[in-house]
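What follows is a group of structures, each given as C-alpha cells.
Shared chain: subunit A. Partners: subunit B in the first complex, subunit C in the second.
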Partner chain A sequence: MLRLPNFHYHVPATVAEAVALKAEHGPHASYVAGGTDLYPNMKRRQQEPHHVIQISQLRELHEVRDEGGHVRVGAGLTLTAVHQHERIARDYHALAEAAESVATPLLRNMGTLGGNLCLDTRCNYYDQSYEWRKGINFCMKKDGDICWVAKSSPKCLAVSSTDTAPVAVALGAAIEVTSAKGETRRIPAGDFFRNDGIDYMKKEHDELVTSIHLPAPNGWRSSYMKLRRRGSFDFPVLGVAVFVKFANAKGAAAKDAPVEEARVVLGAVFSEPTIVHGAADALVGRPLTKESIEDAAEAAFKIAKPMDNTDYLLSYRKEMVMPFTKRALLKVM
Partner chain B sequence: MSAKRSQNDGGASSRGSHRAGEPTRVVGKPLRKVDATDKVTGKTLFADDLVRPRMLYCKLLRSHLPHATIKNIDLGPALAMEGVVAGLTGAEMPIQFGILPVSQDEHALALDKARFIGDPIAAICAEDEETAEAAIHAIKVELEPLPTITGIEDGIKIDEPRIHDYGTRGNVHKVVNLQFGDVEAGFAEADHVRDDVIFFEGNTHLPMEQHASLAEWSADRKLTLWSSTQTPHYVHRALAKVLEMPAARVRVIACPNGGGFGGKSDPFNHEIVVAKFAMMTGRPVKVTLTREEVFYCHRGRHPVLMRIKTGVKKDGAITGMHFQSALDGGAYGSYGVASTFYTGALQTVTYKIPRYHFQGIRLFTNKAPCGPKRGHGTPQPRHALEVQLDKIAEDLKMDPAEIRLKHLTPPDSVTANYLKIGSMGLGECIRKVVAGSDWKNKHRKLPYGRGVGIACSSYLSGAGLPIYWNHMPHSGVQLKLDRSGGVAVFCGSTDIGQGSDSVLAYVVAEVLGIDPFDIRVVTADTDLTPVDLGSYSSRVTLMTGNAALQAAERARELVAKAVAEKLEAKVNDIVFADGRVFRASNPDEGYSFAKAVQYAEAKFGTIGTVGSYTPPRSPGRFKGAGVGPSPAYSYSAAVVELDVDPDTGAPQVHKIWIGHDIGKSINPLLVEGQVEGSVYMGLGEAIMEEMVYRENRNMVHKIPSMLEYKSPTTFEMCDVETYLIEDPDPNGPFGAKEAGQGPLLPIMPAVANAVYDAVGVRIDEIPVTAEKIRRAMRDKERGREGRFGPTKFPDVDWGDPLVVPPPWEGGDGKPLEEEALKK
Partner chain C sequence: MSDHRVIPEPPKTVLHMKVNGVRIEEAIRPHKTLLEVLREDLLLTGTKHGCELGECGTCAVLVDGEPVLSCLVLGVACQGKSVETVEGMANGPELHPLQEAFAELGAAQCGYCTPGFLLTAKELLDRDPDPSRETMIAALAGNLCRCTGYLKIYEAIELAAARMRGVK
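Coming up: the complex of A and B.
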C-alpha cells in the first residue's frame, strides 16, 4: 500500500499557536484540517511537509456568526456542516450547492470549507505517485522543471479544482486570514487567487484562513453548476458560479427588472477561479432573458481555455462552458 | 419409493436429484452463501490480512521507461540500508513463465529488457514496508531507452525493435485465419451487405482487493504461498518451474479473493519474487500491491479494432459473415493467444451463420499486458455484432428484437465453426425483456433524447480444454464422511466472491439430504485439495458441480447400501432427506445421517469418495478448434433505456431489463447477484471505463487510480430487472449453466443502440461517452454523418486461411488438405 512519509505532527491549542508553528517551520510546513487533500498528496509524495499542523480542533474556526447582516463562516466547518447549515442553505444557496457537490459524504464529513478554498491545484501529470511521475521525468510543480500540459508554458497549468472558491468569488465574499504577527486581514475572494498552478494563493505562507465573510442577502440570487463524469464524487472539470442582483430587487416581482450587478465565475478551467467580465457586461442593464443569458454564456465560452490535464477532452470542456453557464443563469431567472 | 409421497410433500426425495425436473430441497433455493457471515462481519482473511511471525515486506522496483534495455542494476546502495534484508534482480530467476505454454515470455524480474512502464525489474525485502519502499528508490538502475510500439497500427507496421523475439513476425504476436465456408458466395446471394468498423477500448478489472501474497519456507525445505489468485493450480506450476523445485514441495493456497474478474488468473511476478525471498531469507515474506501496481498487472480487456462484414437476406437471415479483429496485446503474451481466438469464436452461437470467416491478429505493444477480463475476448466482437445487427435491422426496416428472434441458432446443433450447442434459451430471454420493458411501445417511439436499445449474447460454461494439454480431469472433488455425521468437501476451486464454495456445499447437501451449512468446505489448497483448474471461463459451477455431484452420489451409494442392509430394505428404497436416511416406503424406519454414516463406516471402512469432471470432446478437429467449445452455453438478452442530454451529450441509463438463460439456478439469489454484477460492470465499460496511455508522454498510463480511472459507483448504477430463464442443460449439474460473465456482454451494445434510438447518432467506439455523443450530434447538426468511430481497418498480411467446410457442406470438422483446396 501507499504509506505516508514520516513527519512531525503538531496539535496547537489556539490559532495563535498554529500560525506561530507555521512561521517557525517555514513554507514547507503544512496546515491540515480534514486531511482529504493533503494526506493523499503526501502518500504520492506530491507534497512532503516535514511538519504538519493540525487545525481542525481549533474551536474558533468552527463558528457561524452574524455580523450585522454579514455572515462569518468559520473555515473549520466541515463541508457537510456547511451545506446542512440552515442559514447558509437558505441565504447562500450556491455555497451550499457547491459544498454538497464536493467528493463523497465521507470526505465531506472530514473535509472543511477552508481546506476546499485552499485546495491544491490539480493536474493529471501531477496527481500521481512518485513512481509514475518518474516516468515523465517529473514536472515543474514537483521535482521537475517542465509543464507537460504545454511544454512551452513558463508557468504551471495545474487547475483550480475547488468548488467553493468560484462561489466565494461570485458572491463577492471575503476570506479572512490571520498571520504569525497576529494580524488579521480580509482579502476579497476575487483577489485571493492567482492564475499560477504552483503559487495559486495570494496569502503569505504563515497566514491561516480562519473564516469566510458572506455579504448580506438582499435579494440577489446565486447558483453553481459543475461538470464531471460522475455525480457521486468527482472533482469539477468545469464549474460555473453566478451571482445576479436585480434593480429594485423584490423577489418574484423582479422578473422584468434589469440586472444591476452580476458576476459569472468559471472554476476548473484556469489555475484560479476566473471572473468573466464580458458576461457581466452582457447581463447588467438588461432584464435577465434568454438572449442576455446567451450573450453571457458566449462571453464565458470565449475566455475559457481548458487544457488537457483533467478528465474529459479539453474541446468538450470548452464546449460545455456554454450550456453550463446558461443553466447556471437559468437557475436564477 | 412411493411416488405418491414424493409428490405430496413436494420434494422428500433426493434420489436422482441431478435429473432435471425432480424436486429439490437445497438446489434452486435462495440460501445465503456459506461464507456470508464471515464476509459481512469482517472475519474473512484476505491475503493482505495474513501475518506470520518475523515476516518481511517486499517491494518491487518497476520500470519507469516503456521500452528499454537494462544496462545495469546495482542493488548495493539499497542493500546497505538499515532494515533491508535481501534484494533480487532478474538474473537470479532466469527461467521464463507465462500462463499459456505457447507464451512463456515473462521473467519474475525483467532480465535484459523492460517492456512497459510498470514492468518489475528488481525487488527488495526489508523489516518493514517503509524501509522496503525507501530501498527500491536507492537501487541504481541504468536503462537505455528503445523506441516504443504504441498501439495496433504501430504493431502491424513497425517490425523493429521487437518487443519479444518470438511470435508470428516483428511485433505481431499471433495471426489467426479460419474460414468456414465460402463467405464471398454468401455475400453474393445476400440482399444487403453491411461493412462496419468498430473499436472497443481496453479497460481493467478494478477488483476492490489489491493483489497480495505471502510466502513461507519451512525448515524441511517446503514452500507455502498464500495469494490472492483465481488459479492456484497454475501458480503452483509456475512456481515449481521458475524456482526449479519439485512441485510436491510447493504448496499454493488461494485466499478468498476480494474480486477477481480475470485479473488474478495469471501467475504474477510478485508471487514468484516473495517465494524466492522466503527461500533466500528463511523468513516469511509478504507483498501487497498498490492500486497503481494493480493497474500495471492488468491482464484486462484488450483494445480491439474490428471490421465486420455481414450479408443478409431481406428477412434478416445471415448469408455470411467476415469478421476481422486486431488486438492491442500490451507487453506480454498472457492469455492473449486464447483471447485472439475468442474474438472470433462465439459469433456463431446466437444467430444462424451458414458461412463464416474469421481473421484475428494480436500485437505486442509497450503497455501493461492485456488478458482475460470477464467475457474474455468475446465482449468486443459481441459488441460489434450486436451494434451491426441493430443497423441491419434499421436498413431492412425490421424490429431489432424480431430480427434476432427469427434467426436464432437452434438448440442441439453444431455451428459453422464446430461449436456444439446444447440447450438454447435466448428466444425466451428476448421475449422476457421485450415484454418487461414495453419495448414495442418505446423503440423509435420515445421523445427525442430518450431511447431504448436491445442486444444479446452468449458465453461458455467453462472452456472445453485446459490451459496446458493433458488428459486429466478439469475438476476434482474429494468427500470425507465422518462417523460424527460431519461432511467435508475438498476441491481446488477458488471462491472469488462468485459463490463457488457455496455451490459445492449446496450440491453435496442436496444429494446427501443434509444441511449445507453443516458441511465443511475446504478449497484452493494444492496440498489438501484435488486439482481444479481455477475460477476462470465460468467453469466452476458446471465442472466442480459435476465433480461434487459424482463424489456425493458415490458416498450416498455406500451409505444407502449400509442402511439398506440394516433395515433389510432394497437399496433403491433408501432416501436421504432432512438429515435422515430412511425407507421411502416407511419413513419412520431409518436413522440419523450420523448413525447411517457409522453403519457405512463399519461396513466399508473409512468413508471417502472422489468425483471428477472432464468436458465432452468437441467436434472441431482443426488447429484453433480448442477455443470456443464448452459443455454448455448460457444466453442473455438485455434492453437498456436511457436519456441523452441534448446539450451535453451525457448519457444517463435509467433501467436495464436482462433475461439470462441459466439452465437451472443452483441458487437463484447468487445467480441474480452475478447477473446484476455483470450489468454493473458492463455499464461501466459501456459509458466510461478506459485503460488509456499518453503516447506522446513516454507511454505513461494516463489515470492509474481509483479516482481518475472512471468506474461507476452505486450512484451511477441504474435499476435492473432480472429474468432467469430455466431450461436445464443435460451437461450441467442439475441442469445449471454459467452466470458470472455472459450477462455482461449485451450491456455495451444495448447502450450504444439505445443512444442511437435517443438522439440518432452511432457511437462505434466503446466507451460511449458524452464527448463522443456530443461530437457526433454536432456533426449531424452540421449535415455530416452522425457517427463517431474508426473508419478503416489496417491492411494486414493474414496468410492463407485454414479452410474448414461447415457441417452442412459435408465437413467433418477437419481442415481441407492442400490438394482439396487446389480443386
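Coming up: the complex of A and C.
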C-alpha cells in the first residue's frame, strides 16, 4: 500500500478557527478540501505537512449567492456542483466547461473549486514517488537544489495545471481570501498567481480562499479549450480560456458589433495562467471575424514557451496553441 | 535532502460510521484512508486497491450515496457518514441486478475493476434509471478496465437497467 505519512488532523468549526490553526502551525500545516491533490502528493512525500486542516465541512464555503448581479461562488463547492449549477452553467459557461473537464467524475465529486485554484504546479520530475525522486537526487521544488528541466534555471518551471484558474483570469473574476487577522480581501484572479513553480500564489500562507466572485453577465461570452491525451483523467497540457465583450450588444445580436473588451488566457504553459495581451490588441475594436481570430491565435502562439516537463512533445504543445486559441474564439463567435 | 519528517504517531480517533447499513465503531489513526480502514480494519476486501492515487477508480465506494475514491478519503473524514461497498450490493443470497448482468454478459473478466464499476453504475441508475449510452460513458469515465474493452460493461449496465425498470 502507498500510505499517507502521519499527521495531526483538525476539523475546525468555522473559517476563523481554520485560519487560526493555519497561522499557529505555519508552513507545517496544510488546508485540505477534497484532498485529491494534497493526498496523492503526501503519499509520494512531495508535501509533508504535520497538520492537516479539513475545510470542506465549513458551511460558509458552500454558498452560491447573487450579490447585485455578480455571483459569489463558495470555494468549497465540488467541481460536480459547479458544473451542474444552473446559474453557473448558463452565465459562466467557460467555468462550467473547465470544471467539467477536470479529472474524472469520481474526482469531481471530491475535488473543490478552491482546491482547483490552489492546485500544486506539476512537472514530470516532481510528480513521482519518493524513491523515483531520490533516484535523480530530487529537484529544487522538493528536497533537492537543481531544476532537471533547465539545469541553469534559478527557479522552478513546474506547470500551472488547473483548468479553472485560466477561466477565472479570463472572466476577470476576483478571489476572496480571509486571513488569521480576520481580514478579508478580494484579489483579482489576474494578480493571484505568480510565474514561479514553487511560490505560485501571491496570497499569504494563512489566507484561506473562501469564494470566487464572478462579474455580472452583460452580454459577454466565454469559452474554454483543453488539450490532453485522454478525454478523461488527464491534466491539461494546454488550456485556452477566452472572454469577449461586444460593444452595445447583448448575446445573439453581437455578430457584427466590434469587440469592446477581450482576454485570452493560456493555462498549462507557464507556472501561472498567462494573459496574452497581443491577442486582446488583435481583437478589440474590430468585429470578431476569422481574420481577427487568426491574428489573436498568432499572438498566443508567439508568447507560448512550454517546457519539456509534461505529457506530449513540447513542440506539439506549442503548435497546438494556434488551433486551440482559434477554436476557443470560434466558440464565442 | 528530505528528513522524511516523521512525527510521532498521533492518537487514534474513534470512528463511527455505517458500512452497508451496519453501525461500526473503530479506533483509527488520522492518516488511514477509507480504503485502508475498509480492507485492513473491517476486513471488507471487496473494495480493491489499484493505483492508490486517484488514477484508476477500482477503489470507488459510495459515501452518503455519492461515488468517491476511497484511496483519497480519510477514514476520519467519514465520521457519521454512511458508506456502501460492493459487499452491500447483494440482498442476502440474491445478487443485485447489476452483479447478475455483469456475470451473465462477461462484463467482469479478471474482475479487479468490477467493484468500482458496480458501485459507480449503481449510483448512476439510482438517479437515471434509463441512461443513454453517452451518459453512461461519461459517468464511468473515472473507472479503468484493462480487460473488457468496456463494451460488455456498458451492455451489462443496459441489461440491468432494463430489468430494474421491469422491461424483459
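We adopt the following convention: the second predicted complex is superposed on the first by the 333 of 333 C-alpha atoms of A that agree within 3 Å, B and C clash if a C-alpha of one lies under 4 Å from a C-alpha of the other, contacts with A are read in each partner's own complex, and residues count from 1 in each chain.
As a working rule, a residue touches a chain if its C-beta (ideal position, glycine included) is under 8 Å from a C-beta of that chain, and two chains touch if they have at least 3 such contacts.
Nothing here was measured: the structure is a model prediction, and the numbers come from that model.
In the superposed model, A:E260 lies in contact with neither subunit B nor subunit C.
Of the two partner chains, subunit B and subunit C are each touched by A:F233.
In the superposition on chain A, contact of A:M320 is made with subunit B only, not with subunit C.
By the touch criterion stated above, A:E298 is placed in contact with neither subunit B nor subunit C. In the superposition on chain A, A:L2 contacts both subunit B and subunit C.
Of the two partner chains placed by the overlay, only subunit B lies in contact with A:D311; subunit C stays clear of it.
Overlap of the subunit B and subunit C interfaces on subunit A comprises residues 1-3, 6, 130, 231-233. On subunit A, the positions that touch subunit C within their shared complex are 1-9, 34-36, 39-40, 43-45, 48, 50, 52, 54, 103-107, 109-110, 130, 138, 142-144, 231-233.
Contact residues on subunit C toward subunit A in their complex (touch as defined above): 1-2, 4-10, 13, 29-33, 36, 49, 52-55, 57, 60, 66-69, 72-74, 76-77, 120, 138-143. Subunit A makes touch with subunit B in their complex at residues 1-3, 6, 124-125, 127-132, 134-136, 148, 227, 229-234, 311-313, 315-316, 319-320, 323. Against subunit A, the residues of subunit B that register as touching in their complex are 62, 64-66, 117, 129-130, 133, 137, 210, 288, 290-292, 647-648, 688, 697-698, 700-705, 707-708, 710, 712-716, 770-771, 774-775.
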